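Dumping the structure here so I can ask a few things about it.
We just call them A, B, C, D, E and F in the order they show up, numbering each chain from 1.
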Amino acid sequence: MSEQQQAAISRFPVPELSEMPEDIRDRILAVQEKAGFVPNVFLVLAHRPDEFRAFFAYHDALMDKPGNLTQAEREMIVVATSNLNQCQYCVVAHGAILRVRAKDPLIADQVAANYRKADITERQKAMLDFAVKVSMQAFAVSEEDFATLKRHGFDEDDIWDITGIVSFFGLSNRMANVTSMRPNDEFYSLGRQAR
Amino acid sequence: MSEQQQAAISRFPVPELSEMPEDIRDRILAVQEKAGFVPNVFLVLAHRPDEFRAFFAYHDALMDKPGNLTQAEREMIVVATSNLNQCQYCVVAHGAILRVRAKDPLIADQVAANYRKADITERQKAMLDFAVKVSMQAFAVSEEDFATLKRHGFDEDDIWDITGIVSFFGLSNRMANVTSMRPNDEFYSLGRQAR
Amino acid sequence: MSEQQQAAISRFPVPELSEMPEDIRDRILAVQEKAGFVPNVFLVLAHRPDEFRAFFAYHDALMDKPGNLTQAEREMIVVATSNLNQCQYCVVAHGAILRVRAKDPLIADQVAANYRKADITERQKAMLDFAVKVSMQAFAVSEEDFATLKRHGFDEDDIWDITGIVSFFGLSNRMANVTSMRPNDEFYSLGRQAR
Amino acid sequence: MSEQQQAAISRFPVPELSEMPEDIRDRILAVQEKAGFVPNVFLVLAHRPDEFRAFFAYHDALMDKPGNLTQAEREMIVVATSNLNQCQYCVVAHGAILRVRAKDPLIADQVAANYRKADITERQKAMLDFAVKVSMQAFAVSEEDFATLKRHGFDEDDIWDITGIVSFFGLSNRMANVTSMRPNDEFYSLGRQAR
Amino acid sequence: MSEQQQAAISRFPVPELSEMPEDIRDRILAVQEKAGFVPNVFLVLAHRPDEFRAFFAYHDALMDKPGNLTQAEREMIVVATSNLNQCQYCVVAHGAILRVRAKDPLIADQVAANYRKADITERQKAMLDFAVKVSMQAFAVSEEDFATLKRHGFDEDDIWDITGIVSFFGLSNRMANVTSMRPNDEFYSLGRQAR
Amino acid sequence: MSEQQQAAISRFPVPELSEMPEDIRDRILAVQEKAGFVPNVFLVLAHRPDEFRAFFAYHDALMDKPGNLTQAEREMIVVATSNLNQCQYCVVAHGAILRVRAKDPLIADQVAANYRKADITERQKAMLDFAVKVSMQAFAVSEEDFATLKRHGFDEDDIWDITGIVSFFGLSNRMANVTSMRPNDEFYSLGRQAR
């Protein structure tokens, strides 16, 4: 009855849970258990099981592992670059995750529209300046950019992490735009309650 | 105590209500009465009373007058072009107004990130295609663009209206970015309740 | 008989003087009295009286008020940014006003084509560098830009003025391009006599 | 005493007439005889005699030879593309020549600012659309572009001519910008008398 | 002794084979066995074993699986988009693979510089037009683009494949540029022998 | 029998040697004698004898004269800027000449794809940074750019030379793209033998 039930979540075929390979179904059921709903990216990419597996393995290697970047900082990178790539799915879905991770109901909309004006640290703005440069003109990244990041306290591994996240979500943005991947209605309100 | 109380709403001086010319103070009090808070654009622009008066006269001439474009459609134009101009204030504030006008908690985030994937009509997408062209390369607008809009049912006055709104908010976007105009916290959650 | 008599000054309807609200007609007659002709922007925008009033109130608040920027400097800002926006009306009309204000027959064509090579001061070039940044990427304006302007002797109010002028004429450029507003023949030769 | 006497015409050395090779001096004297002054491009490029010779040989092969494009049309191409390249020398100098060739005091400023709004034919606008494409993204020129031109009556040789003129003045624009080539004061007023 | 022995293959640390996890070492040894050398991408990414595994799983899911796109066509997509992203590693390495797959010593340099002039079919040019659009402005991909591809004989799965390849190598291009990944000397001459 | 024999070398008519003016035929025969084949640019431009003469006079004045820039450095400039202009002919032909001049089989592909990662000196990278700026935004070249070049040891004449080469090959790139000038098969393998 909701609009979403009628609205397609992909312009490509989306398999039924029952048709999916077991490992993919298991991952989806685990996500549903944890989040209370299945983010559409799981269903849309299940159209291609091998790509699904690689995609989420890559995602987890960058977003769920230990490291100096906080989980909120990783999501800021996703939100800022995805908005410049005009990726509706990633801005809405990762905006929600950013609000939850940062326990801040305002931060995602701030970072999406113009991170330079967001309630974040100068260090985080430097991180996003670099992220945007990797997204838009990685060919021109130079040792000066590395030096700027180091002045803000980032080390070599942090810089690799930022780069990896930008690069991976650049892939994700392009897939989402071409598949017309629809953000779940649930994402829009997640994490908007006052702290 | 809230973060906003400490955060500056403008990088330029903001006058006290008591220092403002009477007509400006009256307008601000009327807005506060109606909305329950004073949108920061009123306070930031009160630094320049004559510009304040012209700005809101222009705003009202475009946004509050009768016409074929619904109020929600006018706000869609603001949200879509302001996001491309990376104007945090306008995306957040007019996103809220769009949700309220359209009675749709999802529409603003959809239109901001990529209106081509939003739950809006083909006619509205054509309107936003034109709005983006006026914003980004008005010099190339041609009779073909007018013909496309007319095929979607827009008339000459509607086209003027779209153009006026894009042009006025292009002004607003630049002022907001240079003044670092801060969106009120209240906007973020406005209109997000389910229909 | 002149070409202009036949050439449309707007692709939208232009009202007769007799049909206009009295305040608008009065303003137009006053301009004609002073300038010797009616700049077409007055006639084209008279199609929408409320927008006309707001437009010229805004114009006057920025261009005719006291302030540190000379009137010639304000016109330089208009000419430089309008040429990048490919706005024929504004380049031709404000080019004429710039020549008159600066008492310099060469300056407008110099500033329009490439202000970096114009016979203006380094301070004025810094002003135009900032103006172009506000016009093209206001989202990236930063405290560094403010500091550069201050090194050249501009104060906070001057920076607001520059920003206001760029923003207002960005509006004007878009309106002129979509309406195909035609510059009056008179503008082309105004102020071209040697000093 | 005039400002120009003091203003450098090039940021590179400019040879005295007496130091120039005879053929170059002769060409310059002939131009002076004909035009009444020596356009600075002759003096600036005389710094490099071999390049001077090739430059003007190329110029003459494109601009002074017979062909279907009128001389005014050739100058329109120069003016429209040079303004997009922000070349002050070429806009001012060839704007003057365009006014003279077209016997029209308005045409150069119109074509420079936005040729789509100039008092020229649809055929000439199609020519300039193509010229701008060659200047900005020649890599994407396709048989469709050729077909469009042919529908407007251009033949294969005309298309080569347009391309040659755009390409040659692209060279000229870059040389003029890097040398800070100064347009002669004489150009600004040339051809501005009513028809 | 060769220059490459001294030249770094990454600006990040590169692990010794003996330090790598067994599965990664095995994959590298298998590649070496097959190709005669180890492409540097394997060594550079081994710095991050989990990302290495996901990267090559994704690569294989797109490049080594059955499908309508020939292996040469997949490499054309990589070469054309990587050159626009100015990714030296990908242009050189996948240029070599393209020559080998297509058994054509000229094709890679043609496609890299301007695929519109390459010795490929109209269908392949349409494929690359779409690939470039996905790479540069995926947000604007529309049903019209799908229809164009279908007129050239591509089906829905082919379109997903093109999109996946562009998106994955967009990731790869950004990683290679930020790591300063160096192409192996061996790639430059591979496949250059006449057919 | 080879593909090239059938493939057109220009979308415009190409004259027979016997039809050409004697000086042009002589130049072509001399080139053939020296190089072992006739680079297609000679045949394509022979369609217009006067432009041919000016083109090669300009070419020789910049590329074959004495000066501080080595011949390899001049070719680097051509290759780097031609790839950004997506000129297949110039990248392939001058890539070959660069390999020969530099006696380095790798350098051309490195410089074409991303000169910032090429095996060249910091001084040469500064030269190419400037070359790219002249090619893409000559209007913004400033004394700061001259100062940077001088810190790297370039003098005023070197800067003119770089500018001339960029400007001339910008012309060449546009002509080659519009004529669909085909690189000779011979260029692809020239200079690829190990040092």
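In this text, a contact is a pair of C-beta atoms (placed from the backbone, for glycine too) under 8 Å apart; a residue touches a chain by one contact, two chains touch by 3 or more.
Predicted model only: the values in this text are computed from it and were never measured.
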item	value
Least step count from chain A to chain D, where 1 means the two chains touch	2
Chain at maximum distance from chain C, centres defined as averaged CA atoms	E
Rotation angle superposing chain B onto its copy chain E by C-alpha atoms, nearest 5 degrees	120
Chain C-chain D separation of Cα centroids, rounded to whole Å	27
For chain B paired with chain F, centre-to-centre distance based on mean C-alpha positions, whole Å	51
Centroid spacing, where centroids are CA-atom means, of chain D and chain F in whole angstrom	24
Chain B-chain D separation of Cα centroids, rounded to whole Å	44
For chain A, residues that touch 2 or more chains besides their own	86-87, 114, 139, 177
Interchain contacts (touch definition) - all pairs	A-B, A-C, A-E, A-F, B-C, B-D, B-E, C-D, C-F, D-E, D-F, E-F
Residue ranges of chain D in contact with chain C within the complex	3, 7, 82-83, 86-88, 91-92, 95, 105-106, 109-110, 112-114, 117-119, 177, 180, 182-183, 185, 188-189, 192
Touching residues (chain side chain D, partner chain F) in the complex	12, 47-48, 50-51, 53-55, 57-58, 60-62, 65, 85-87, 134-135, 138-139, 141, 156, 159-160, 163-164, 166-168, 170-175, 177-179
Chain E-facing residues of chain D, complex	139-140, 142
In the complex, chain A residues that touch chain C	114, 116
